[in-house]
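Multiple structures follow.
Same chain, two partners: subunit A is paired with subunit B first, then with subunit C.
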Partner chain A sequence: MRSSTVGWLFLAPTLVILFIFGVLPFLYVLVIGFTQWNSFAADPTMQYNGVENFRRLMFDDQFLYSLWLTLKFGFFAVASQILLGYLLAQLFMRDFPGKGFFRTVHTLPLVIAPIAVGATWRLLLVPGLGPVPYYLNQWFGYELNISRYIDQAFVATVVMDIWHWTPLVTLTLLAALASLPKEPFEQAQIDGANRFQIFWHVTLPLLKPAILATVFIRLMDALRTVDEVWMLTGGGPGAATRYIGLHIWRVVFPKTDYGYGAAMSLITLYLTIVMCWLLYAGLVARRDLKRAE
Partner chain B sequence: MMHCKRLVASAFVATLMASTAPAFADFWSDAAKGLEGATIRGVSESTPPSNYVKDVLAPAFTEATGITVEFEATSWDQMYDKAIKDMEANTGIYDFVYIEQDIIYSYLARDFLVNLSDMMEQNANLKSPDFDISKFTTFIDNFKNADGDVFGVPMEAFVKVYLYRKDLFEDPKVQEAYKAKYNADLKPATNHAEYRQIAEFFTEYAKENGMEMWGTTVQASSGHPASVYEFVESVLPTYGIYNWGIDTQTFAASVENGGQMNSDKAKEALTWWIGNLAYAPPESTSSTWDEVAATFAAGRAAQGLVYGENAAWIATNADKSTVVGKVGVALPPVEAGVMEQAKSGEGYIGYYDGGAFGIPHSSKNKEAALLFLQYIGQESVQADWALAGSRIVHQATYDDPKIVEQDKKVDGYYTLMKEQGPLFRGAPPFPFHNQAREAMAPFIYQAITGELQPAEALDKAAAAVDAELKNLGYRK
Partner chain C sequence: MADLSELPPEPRRGFLPIHTNGFDRVFIAVVLFVAIHLFWMRFLEASVPLSVGTVLSVIVGAVVIARG
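Right after this comes the complex of A and B.
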């Protein structure tokens, strides 16, 4: 009984902070999501409007497009990061000259604030000023203009995200690789398995928990990306990089449509949870179910 | 003997200064009694006029009153974001905020701002003898309510003019080449067809002569509202479409509902404007007002519509501009009949922009802020401020010798503003300014990228604005 009280006392500060900065704002957003509230409307007061915001969302082309765009962004960014991160982690498992230096440099993007990453990439890529479009044009005659061509802008945001976050994936997978037991690999070699078979039947299953955890973290991050993209493209050109976080920001702040923006946030949160659950169920729970059978 | 005379003269000047300075400073130190040591905070967009306040006027005010001014000059988006959040939540972070002419109607509708006329009347001890509302230009009328009470002290006002490279336009070789190609004299464009022709000419001329220059600037950021503003405030009026194409009585935007946003004329205007991108530097699709000025200052465009706040530094500051002494100023090109409408007061040919500082109700240092606003509104500080930021808010500033002198260097920009200013107009008095802009913006952006044809973009924009204004409860 006494130890339980002490335990709660230790937990109390964290719980209080979590309640104030996590639970309360969530409840507030939940309430606002069911209201019509725009401070510059003819009637600027908050009015309960039931599920009207959610009904409108289902027919809102811009919202649905942003959602689709965000999923596309998340897929390309996270898949590339996992692949590149795994290859780099494998590289760092080996010894080569300058490994320590390369590993340090490779990790540097992680410590840069997203807004600074966006600003740096903007300076590199902005037409008329950035060196990248200039030299691409001078050397290869290629016109890179991320403020005009929608595909280029989309790819630029994906590449920027990959550059920024692949080191995190590398470090996670490196730690996982380093902690793998040696016995399964030795047994596979004794059984005559080739490198691909060892990777597919031994390494990958053993790394699965680490990969899944990394995918979840990165996917959730990718779905709420705002600052980097806001700095690089401002969501443009057109709506080419108006990912859901940016779209919500535009609805809530410049348009001051708090009720509708809150509903968007709730739907996005719900979809993120559902997607992670589906991923988990598809990749982990199914296997556990088979084992149980 | 000579030395003695100098000594006497110096002593006389010193005595004179000593006797007059305290008298001049008396009001500020007297009025600030009890407020010394206070700190007031303000937020504004980082522009030449704002930076002058931050670097020169705020420190001078602190010296005169003992009141510290923390002045935050930030990006346009951030400035609004911070100011509106502060006033909305009543947090009182800012004691004065920048109010652009176009947002004042929204702020007044929400009762965000302190009535300065009332406040000065009720606090006679805080009313500076050097602050006189009647000395301001008519631009101050934008910051008055229906009763004539003032809610903001103008700090900048300018017109968005047509800048062109005078050196190139007057170069005999260039004139000859133009004449040979178009059988017409090269002169600043007075209509859209001429403007396009000049843009095309200079783009090709620059290419042929190995110059990094294009025919025109276009404020066509494909992800920033600056492009929407250029279209609705500087292009649409030149085609005779006013008030963004929104009916000021019914607040309808689409032609179907009685507006003009997607009328044939508006579509023609957007087609022309988007078409200019073919003759504009590559940065145009990421250009806001700042980048347009920078592009022109870098000598990368032969002509363009540029906010007047940048005219002075582009034409005179050799540290920042490569076209010093080469800048010409003219009225924007218009369609036939538009100039007549503007002269009669029925219409206008471009944007008369500017802003004021106002005090939010949420301010915790209203008295100190009122003193600061009056300090920057004095006649004595206006001329140097105008030199730094090509902004004029006092009638007398036009005749100040410093401004008269600079006017020659900026090809008569101030004269144009004084004499032709009435041809320009501020934004319409909509309380839903940001909301309407944000509703139409995605479609203008998509027209810039070519995802939508101009006609389709305006049809969608007008429908979106109609829907938004209905949702907000304004549509009648």
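Right after this comes the complex of A and C.
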């Protein structure tokens, strides 16, 4: 049997599963995105309406606001996670008493379901019941009310996401740090480089692929956050934390506007892919090109 | 010895600021196609019909695929 045939046979189960659970649903959403389909409308059947859903999207202030909020949320959450995750990974590279215990505890948020994370943070932060607003008020006279102040609600969702997902970044970067070769660092020390120079010219370039992969994963996750935020703030106050996933959910389920919701999902997918590709092209492909030149 | 026909296509350098293969250029063409249409619907459709945008994005896509 030819090696390429054997290769395709090994790949076949994955390709079949990918086609059934990835490609087919995408094609279905793509078709629905070009239709008017609302089960509670005067005509509940699926009607082709061209690019009307996308035209509507471009003038939908609520959608554009949700998109902006989601990008803001993704930027602050992912940037903070990468920074904190890197610092924690550097900490775990050293030996200190209780390191094993601390590492286990630090990893625990990863195994908690997002809906449970949202519920826990709600119990911590909800005004009148949660201990955090109570003690902040008692000790510092600070009024924390995520049901009332939009900035506090936004920051609360970002902090919750950081708490939940920083361990993933730490583990990824820890694995990358542990696998780095020692020679470049020894060479830099012999050449008299200080700690910042070693970090900037040796550690960071060697870690770049791992950091980039982690940013991709976290960015994609952050842009589709729904359940945690739904539990913590319900998208409020007003629409202050109605990120794009929540907004799509509201359009598709309570409003049953399937065609419009599908169009929103497609645009969100499009933006996620474009952002990841731009990151890749800007940080990796251009560097490879410069190196080749 | 590897069959040369099975090797992936050699990335090349066109007017785009990165090395690209055929798949990359088709991907960029599709991304631009969608972006031009969304931009057109938001800002230009009131004065210029969307079909002009479609023609423009097809031309842009063809140029990217051929020379990118």
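Keep in mind that, in the parts below, the second predicted complex is superposed on the first by the 281 of 293 C-alpha atoms of A that agree within 3 Å, B and C clash if a C-alpha of one lies under 4 Å from a C-alpha of the other, contacts with A are read in each partner's own complex, and residues count from 1 in each chain.
The rule we apply is simple: a residue touches a chain if its C-beta (ideal position, glycine included) is under 8 Å from a C-beta of that chain, and two chains touch if they have at least 3 such contacts.
Computed from a prediction, not measured in an experiment: that's the story for all the values here.
Q: After the alignment on subunit A, I want to confirm one thing: do subunit B and subunit C clash, or do they fit together?
A: Fit: subunit B and subunit C sit side by side once superposed on subunit A.
Q: Looking at the overlay, what does A:F54 touch: subunit B (first), subunit C (second), both, or neither?
A: second
Q: In the superposed arrangement, does A:V126 touch subunit B (first), subunit C (second), both or neither?
A: A:V126 contacts subunit B only, not subunit C.
Q: Please work out whether A:Y270 is in contact with subunit B alone, subunit C alone, both, or neither, and reply first, second, both or neither.
A: A:Y270 contacts subunit C only, not subunit B.
Q: Where does A:N145 make contact in the superposed view: on subunit B (first), on subunit C (second), on both, or on neither?
A: It touches subunit B, and subunit C stays clear.
Q: Using the touch definition from the top, say if A:Q189 reaches subunit B (first), subunit C (second), both or neither.
A: Neither subunit B nor subunit C is touched by A:Q189.
Q: Per the overlay, which chain contacts more subunit A residues, subunit B or subunit C?
A: Tallying touched residues of subunit A, the top partner is B.
Q: Could you work out the angle between subunit B and subunit C as seen from subunit A, using CA centres and rounding to the nearest 10 degrees?
A: For this superposition the angle at subunit A equals 120 degrees.
Q: Please indicate which partner A:G238 is in contact with in the superposed arrangement: first for subunit B, second for subunit C, both, or neither.
A: A:G238 sits against subunit B, while subunit C stays out of touch.
Q: Quick check for you: in the superposed arrangement, does A:F253 touch first (subunit B), second (subunit C), both or neither?
A: A:F253: touches subunit B, not subunit C.
Q: Quick check on the superposed model: minimum Cα to Cα separation from subunit B to subunit C, whole Å please.
A: Superposed on chain A, the two chains' closest C-alpha atoms are separated by 19 Å.
Q: Would you mind listing the overlap between the subunit B footprint and the subunit C footprint on subunit A?
A: No residue of subunit A touches both subunit B and subunit C.
Q: Can you check the complex and tell me which residues of subunit A touch subunit C?
A: Touching subunit C: residues 4, 51, 54-55, 58-59, 267, 270, 273-274, 277, 281, 285-286, 288-289, 292 of subunit A.
Q: Per the contact definition, I'd like the list of subunit C residues that touch subunit A in the complex.
A: Interface residues on the subunit C side: 6, 13, 17-19, 27, 31, 34-35, 37-38, 41-42, 45, 50.
Q: Under the definition above, what is the set of subunit B residues touching subunit A in their complex?
A: Touching subunit A from subunit B are residues 77, 80-81, 84-85, 88, 106, 109-110, 221-225, 281-283, 285-286, 295, 300, 431-432, 434-435, 437-439, 442, 445-446, 448-449, 451, 471-474.
Q: Can you tell me which positions in subunit A touch subunit B when the two form their complex?
A: Touching subunit B: residues 38-44, 62, 126-129, 133, 143, 145-150, 233-242, 250, 253-257 of subunit A.
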